[in-house]
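Lettered A, B, C and D in written order, each chain numbered from 1.
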Amino acid sequence: SPADAAGTYKIGVSNSWAGNAWREEMVCAIKAEATLSGKVAKVTVLSRNTDSAGQSADVRSLITQGVNAIIINSGDTSANNPAIAEAVAAGIKVIAVDNSITAPNTTLVSNDQVAYGAVGATALAKAMNYKGNILYMRGASGAGADTDRDTGFRSVIAKYPNLHVTKEVFTGWDWTKGGQLANQLLAPGKFQGVWTSGIDYPVVQAMQTRLKGKYIPVVGADNNKFVGMTASLASKGFVGIIVPNPAIVGGAALKVAVDELDGKTVAAKNLLHPVALTYAHDKTLIDSLYFAAQDANFSSTISLPGYTTFNAAQLFRCRAPQDDPETTS
Amino acid sequence: MSNILKKVQSRFSVAMLSLWGILFSLFVVTGLVDHYFFTISSIGVTLQLAVPLGLLAAGQTICMLTGGIDLSIAMIATGAAFIVSIKSSSGLGLAILYATLYCILIGTINGLAVGLFGMNPLIMTLGMNAVLIGVFTVGITTFLKGSSTMPDIIIKLSSGSIIDPISWPFLLWIFFGGLIIFLLSKTGLGRLIYAVGDNATAARLAGVRVWKVQLAAYIICALLGGLAGLMIGGQSGAVAMSLADSLVLPSVAAVVIGGTSIMGGIGSYTGSIMGALILTVLSYLLATINSSEAVKQMIYGFIVLTLAWTYSKLTEKS
Amino acid sequence: MSQQALLKISNLAKSYGSVVALRNANFSISPGEIHALLGANGAGKSTLVKILTGVISGDQGLIELNGREVAFSSPDNARKNGIAPVFQDPALIPDISIQRNLYLTDTDKDRFLFEISAMGLSVDLNQLASDIELPILRMIDLARALAHDPELLILDEITAALPIDMAEKVISIMGAHKARGKSVIFISHRLAEIEEICDRATVLRDGTNVDTFDATQGSEARIVAAMLGDKNVLATHSTKQKNKIATDDFMRVESLSGGKQLKDVSFTIKRGEVLGVAALEGQGQDLLFEILAGASKPTGGKLFVNGEEVTFHHPSDAISYGISYVPGDRKTALMPQRSIRENLALTRYRGMRRWGKINFGEEELKVDGAVQSLEIDTRAKSQVKRLSGGNQQKVTIGRWVTTGFDLLLCFDPTRGIDVGTKAQIYDLIRTFSDQGKSVLLFTSELREIQLSCDRAIVLYEGKVQANLPFEKCDEVSLLSAAHGIVSK
Amino acid sequence: MNLIKIKRQSWNIGIVIIALGLGTWQINRLPVFGSYEVRTILLGILPIALLSMGQAIIIIGGGINLAIGAEAVLINCLAARFMANKSFGVAIVLTLALLFVSVCVGALTGLIISRSKIADIIVTLATSFILIGFAMYIQPSPGGGMNLTLAHLISGKGSAFLPPLIVLILPLLIIWIPLYRSRMGIAMFAIGSNKDAAFLSGVNVDLTRIKLYATGGLFAGISGIVLTAITLSGSPFASISNTATLNSVAGAVLGGVALSGGVGGLTGPALAALILYFIPTILLNYGIDPAYSQIITGALTIVVVLAGGLIRNRGKKK
C-alpha cells in the first residue's frame, strides 16, 4: 500500500501469553494497522509466555530499544507498574490493551469487560425466561478481566430472584479444562443455562454427548466455531448468545498509540461496548461473522469502525511495516 | 517356603486392594456430594474423561518402568492434535499418517538421546517440550497455518457413547490398555523394559541392546501421547497450545499412585489405570464442590500427597 | 586373659521385618586381641558391626564397653568412644574430595596422611573419591579409621576387594595395632588370613554365636564345621580330577591390548578346559574379561573363536559366539527387583526377534532346569534382592545355564561367598567342563586355582607373565608370577 | 593439584565465557549501554537466578523441588499482601518473618519427603498445588504492594544497579560459601552423592535433607521478596510458578549441577540465568520471533547437558 514508506514511529509490543490464537490475532491486528497507518516505521513484538518479572524485563528491554510507544497486554494488573513507570518517565506512551493496568499516566484500550459480563447475563436471563439454574464458567481466578466480567454478570443476575447460579467454576481460559468441566457438570436437568467467559464451544459439544442434543442457552464470545454452531444448531433449538471480545482490539490500541504520538488528545479509557447477538435477532450479522477457513478459536470480529482500517486479507497477512512484503505475502 | 510366597502375593494384592478401596471411597464421597454422580451417564462421562489421562499414563508407565520419564508428552499430544486438525482438510488418513510420523520422530529423538547419548530423561524431555512449544508457536503462523478443527470421526471416537456408560473412547482404552498390559507382562520387549529399568548395566551384560529398548519405550510413549492428544482435542473440540498441559503432571501422579517406581523396574499398567480413575473421580469431586479455586488446589495437592503416602506405607509394611 | 573385657556383647538381636538378621549373639573381646568374626553369608556379621557402631540400633541385647553399658546413636558417637569401623560397603563419598571426606568424619588430616604413608601409599587430598580405584579407596577408609587411633578397630571384609599384597599389609597393620595394646574385630571369608593373625575366632550361624575358640593353625576344619552346622556335607572341597580335554582350541587371543592396562596378551582356551587367571588387583584382568565379553573395546590385537576372527561391538555379539560373562560384582549382573525367573530368562529376549509373545512353557522348562541344577533356594523368588548372597551368585551363573554357552567367563565368582556355596560353584564349573564347555576363571584366592582349573595364566602389569600347567599351579608359583618374578 | 581445582571449575569457566560472549553481543546491539541497562539485565535475571540457586542446592543434595516456584509465589503473595502501606521498619521485620516462613515451608517439604519415603519429585508435585492454593487464598487477585524505600533498597531505582547486584551476590557470600565449607555443606553433597555411604560416614540423612530443603526454601523466599520488590505486587498464578520451576531446573542444570546429585555449585546457576536471559533478548534485537528463542533455549539446555555429560564421563574413565 502507498502509506508504507513514510513512517517514523517505533512501536513496542509486550504480550505475556504466546501461542494462543486470540493473542496472535491481536498482534497481527497491531501489525496490520501499523502498516496501514503509514506513520509507523517498526513494530517490535515481544510476545512470549512469561511471568510478571519476565514481562517487566521485556518492557525495560523495549525502553532500551528506544521505542516511542509500548502496547502492553499485561499478565498482571499491577506487577509491571514499576517498569511501566520507568517507560512513562522516559517519555514513552504506554497503552494497555485488553487487560487493564493500574499504572498512572497510561491509556487503556479494551473491551468493556464489566459490560461484557452484564450484556451476556441480560441476554441469558431472557433466554432462560428469567428462571432456572445457571452454570457459571468463569475465566482465571484473580485475572483482571475475570473480576470485571464477574462484577457485570452479578449485577444483572442479582435482579432476578428466580435465577440461581448453582455452580461456579474456573476454566482458567483453558479449552481442555473447560471441555472437561462441561462434560462433568452438564447432567440432564441440572442447569437451564450456561454463561462462559469465552470458553464456549466445548460446552456446546458436551451438550451433544451429555444432554443428548437437548440444548440449553450458552453465552459465549465471538469464537469462530461458536459462531458457526450458533448458526448451524439454531434449527435444533440451540440458543447461542454471542458477546464479542474482539482480538483486533490490538488494532484499536495501535490507532490510539499513533494518535497520542501525533499529539492528539486521547481519552484515558477507550472502551469497546459489546452487544449480545442471538441468531433469532442478528442472523445476517452472525452469518457474516463465520469464517469457515479460519481456526476454531479465531476471534471473528474483524473490523472496529472508527478504530481499524484493515480488511480481512490485510489482517490475515499479519505484516508489520518493516517486514519485507515478498516473504510475508 | 509357601509362607514367603503367600506373603509376596498378599503384598501385591494389598496394594491393588488399597487402590480399589481408595477409588471406591472417593466414588462414594463424590456421589454423596453430588447426587447426579450416581447416574449411568455421569459414570460414563467419568470413564470417558479418564481415557486421555489413562493413555498418557500408559506412555508414562512404560517410560518410568525403564527408569525414565517423558515430560515432552504434553507437546507430543498437542502437536499430534494440531497436525490432525489442520491437515485433515486434505484427508483424514494422510493427517493421521503425518501425526503418527510426528510422534515417531519425537519419540525417536527422545529415545536416542536417552538411550545412546545417556541424556538425563527429565532434562531431555523438558528441553524437547520447550523446543516443541517454540516450533508449534512458529508453526501455527507458518507451516501449520490453517483452520484447526477436529474431524467429526475423531470427535465421535473421543466422546461418542454407544450405550451409557460405554463410550467409544472407553472401548478404545480397553483395546489399547489390554495391548499395553499384554506388552508389559507377556512379551519379550516387556521383560526387557522392566530389566532395563531395574539395572541397565546388567541388561547390557546379558546381551540386551539397552538403547533399542529405551528407543522403543519412548516411541511407544509418544504414540500413546499422540493418541491421547487426539482424544483431548476431540473431547473439547478445541485445539490450543495448552491442550495437554493440565494432564501432564497428573499423568505422572497417576503412575506413581498406581505403584510404579519412578526409579524404574517395578510397577504395572493396571496400577496406573487405577491411578487415572482415582484422579478423574477426584477432579469430578473438585468440580462439584462449591469452594474457591484456592481451596480446590489445596485439596488436590493434599489428596495426591496422602494417596502416594498411604500407598507407599501400605506396601512397605507387609 | 582374666582382665576385664574391652567389649562385651550379650543377647544381641535384630530383625528386619520377618527376616531375623541377628538372633542371639554373645561374645567378648579383650584389650590387645584380634578377634575373628566368622560365619556364612547372611549369618549376621555385618549386622552386628552396624549395631556396634551405632549405624542401626539392635532390637534387644546389651553392649558393654569397659564394663559400662553403652548404646551408640551414630558412627560418630561410636568413634568418639574409641570404636572405629571400616564397613563392608564403601563409606567414602564418591563426588567429594578426600579432604572433605575426612572433614565429614572429623578426621585429623595429618594423622591420616601419616597412616597413609605408613602403608606405603600416597594420596592427593584434592582428588575426588570417585577418581580413586577401589583397593586404594579401601586402604584410605582404613587409614581414616586408624587416624582416630581407636581402642577397637572393626574391619568388615576389608580384604575381599584387596589384592594379595595389600591384604598382607592390612594383616601387618592389624598386628601393629595389637602391638599397641589395642583390639581388632576382623571379618573375612579367607580362612588363611584368620589363621595367620587372629587370636580367637567366634563363629556366627543364623544370627547366633555357635562356637568360640583359639584361632590356631589347623582350626580350619573346626571353623567350617561351625559355620555350616548341618550343611557340613559340602564342606570338603571336591578334589580336582583331571578329565580329558579336547585338543582343539575354542578361543584364541592374539596380542590383545587395551589402553594402558592390557599389553599384548595372548593365550588359548581349549574346548572343555578350565583356564585359571591369577593376578594381583589391577593387573588388567577386569579389562581382559570385559573385552572377551564384548563389554569393552580392545585397542589392538585379535580374537579368534573356532579359528574364525571375530570383533565384538556389544556383549550380545560375544553371546552369539557362545561366550557368556559372569561379572564379579553381583550388583552389575542382576535385576534386584525382578523375580528369579525373569533374571534367569533375560538373555532369551535379547534379540529383537524375540520381542514378541513369550513362550511361557518353554521358558518355565529352561528356568526350572537351571534352578534345579544349581540348587537355587527359591523361597524368595519374587525379587532377587531378597535372596542371600550365595543364591544371588548362583542366579548370575544360572542365567547362562538356561541359554547355553561354549565359554563361560567367570570373574571371581566366589568373592564374599561362604565355604559351602563355594564348593557348589566349583562343582558346577567342573560339570560344565565335563560337558565339553570351556571356562575362564579369575579368582582372587590363589589356592582355588588348584582346586578347579586345568591350567592357569598369570597376569602381571597387563601382560601374561606365566602360563602354568596344572602341576605347577601351586600357590608359591602363582604368587611369585603374580608379583612379576619370572618362573621357569 | 591446581590442575584438579581448575578442572573442577571448568564448567563455570565455560558458562562465564558463553555469558560474556552473549553479553558483549547484546551490548553491541544496544543503542546505548549504561547503568540503566545494567540494572535492566540484573532485574531480568534476579528472581530466576535466586530460584535456580535454591534449586541447585536441592539437586546437589540428591533431590529436586518442583514446588520451588510455588514457594516463591507464596512468599511473593504474602509479602505483597502484608507489606502494602507499611513503614520501612515494619517491612524489614516482615521480610525477616517471611524468610523464616520460607525456611519453614522448605523444611516441612524435606520432612515430608524423609518421613514418607516418597520420591522428591512426587511430594513436591503435590506440595506445589498446596502452596499455590495457599497463595491464591492469601492474595485472590494480583495486587498488594511493598514499602517503596525497601523496594528501592532491593531492586534499585532508575539507573541504580548496585542494589540488585548486591542482592544477587550477597546470598552467595553469606549463605553459600559458609555453608559449602561447613560440615553441613559437606553432608549435603554427601547425601546427594551416595546416601548409604553418607549414612555410614555418620551423616544424619533425614536431618540433612530437611536442612537442604530449608536452605532451598530460603533462596525461594528471597526470590519471592525480590519479585515483590520488582513488581510491587503479588500474583497468585500457577502458570507463573510452573514456568519459574522449570526455569530453575534448566538454570541449575545449565549451571553445571548434575541431576544425579553430589556435583555442582551455585555460581554456575546464577550465571546460567544470565544466558537464559540473553538468548531471547538478543533474538529480539534481530526482530526474530521470540518463539525461536524458546527453541534455542530448549536445544541449548539439551546440548550443554549432553556435552557436559560426555566430558564428565570421559574424565571418569581415565
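Basically, a residue touches a chain if its C-beta (ideal position, glycine included) is under 8 Å from a C-beta of that chain, and two chains touch if they have at least 3 such contacts.
What you see is a predicted model, and the numbers here were worked out from it, not measured in a lab.
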{"item": "Touching both chain A and chain D (chains)", "value": "B"}
{"item": "Among all chain pairs, the one with the most C-beta contacts", "value": "B-D"}
{"item": "Separation of mean Cα positions, chain C and chain A [Å, integer]", "value": "72"}
{"item": "Chain B-chain C separation of Cα centroids, rounded to whole Å", "value": "44"}
{"item": "Rounded Å distance, chain A centre to chain B centre (Cα mean)", "value": "33"}
{"item": "Set of chain D residues in contact with two or more other chains", "value": "136, 140, 236, 289, 291, 293-294"}
{"item": "Shared interface positions of chain A, touching two or more other chains", "value": "18-19, 49, 141"}
{"item": "Contacts with 2+ other chains: residues of chain B", "value": "133, 137, 292-294"}
{"item": "Chain contact topology (line, ring, star, complete or other)", "value": "other"}
{"item": "Chain B to chain D touching residues, read off their complex", "value": "113, 117-120, 122-124, 126-131, 133-135, 137-138, 249, 252-253, 256, 262-263, 292-302, 304-305, 308-309, 312-313, 316"}
{"item": "Of chain B, residues touching chain A in the complex", "value": "36, 39, 41-42, 45-46, 48-49, 133, 136-137, 140-141, 146-149, 155, 159-161, 232, 235-247, 283-284, 287-288, 290, 292-294"}
{"item": "Complex interface listing, chain D residues touching chain B", "value": "64, 112, 116-119, 121-123, 125-137, 140, 236, 238, 246, 249-250, 253, 259-260, 289, 291-299, 301-302, 305-306, 309-310, 313"}
{"item": "List of chain D residues in touch with chain C within their complex", "value": "1, 4-5, 183, 186-187, 189-190, 192-194, 196-204, 261-263, 316, 318"}
{"item": "Residue ranges of chain C in contact with chain D within the complex", "value": "55, 74-76, 79, 87, 89-96, 100-101, 103-105, 124, 126-127, 130-131"}
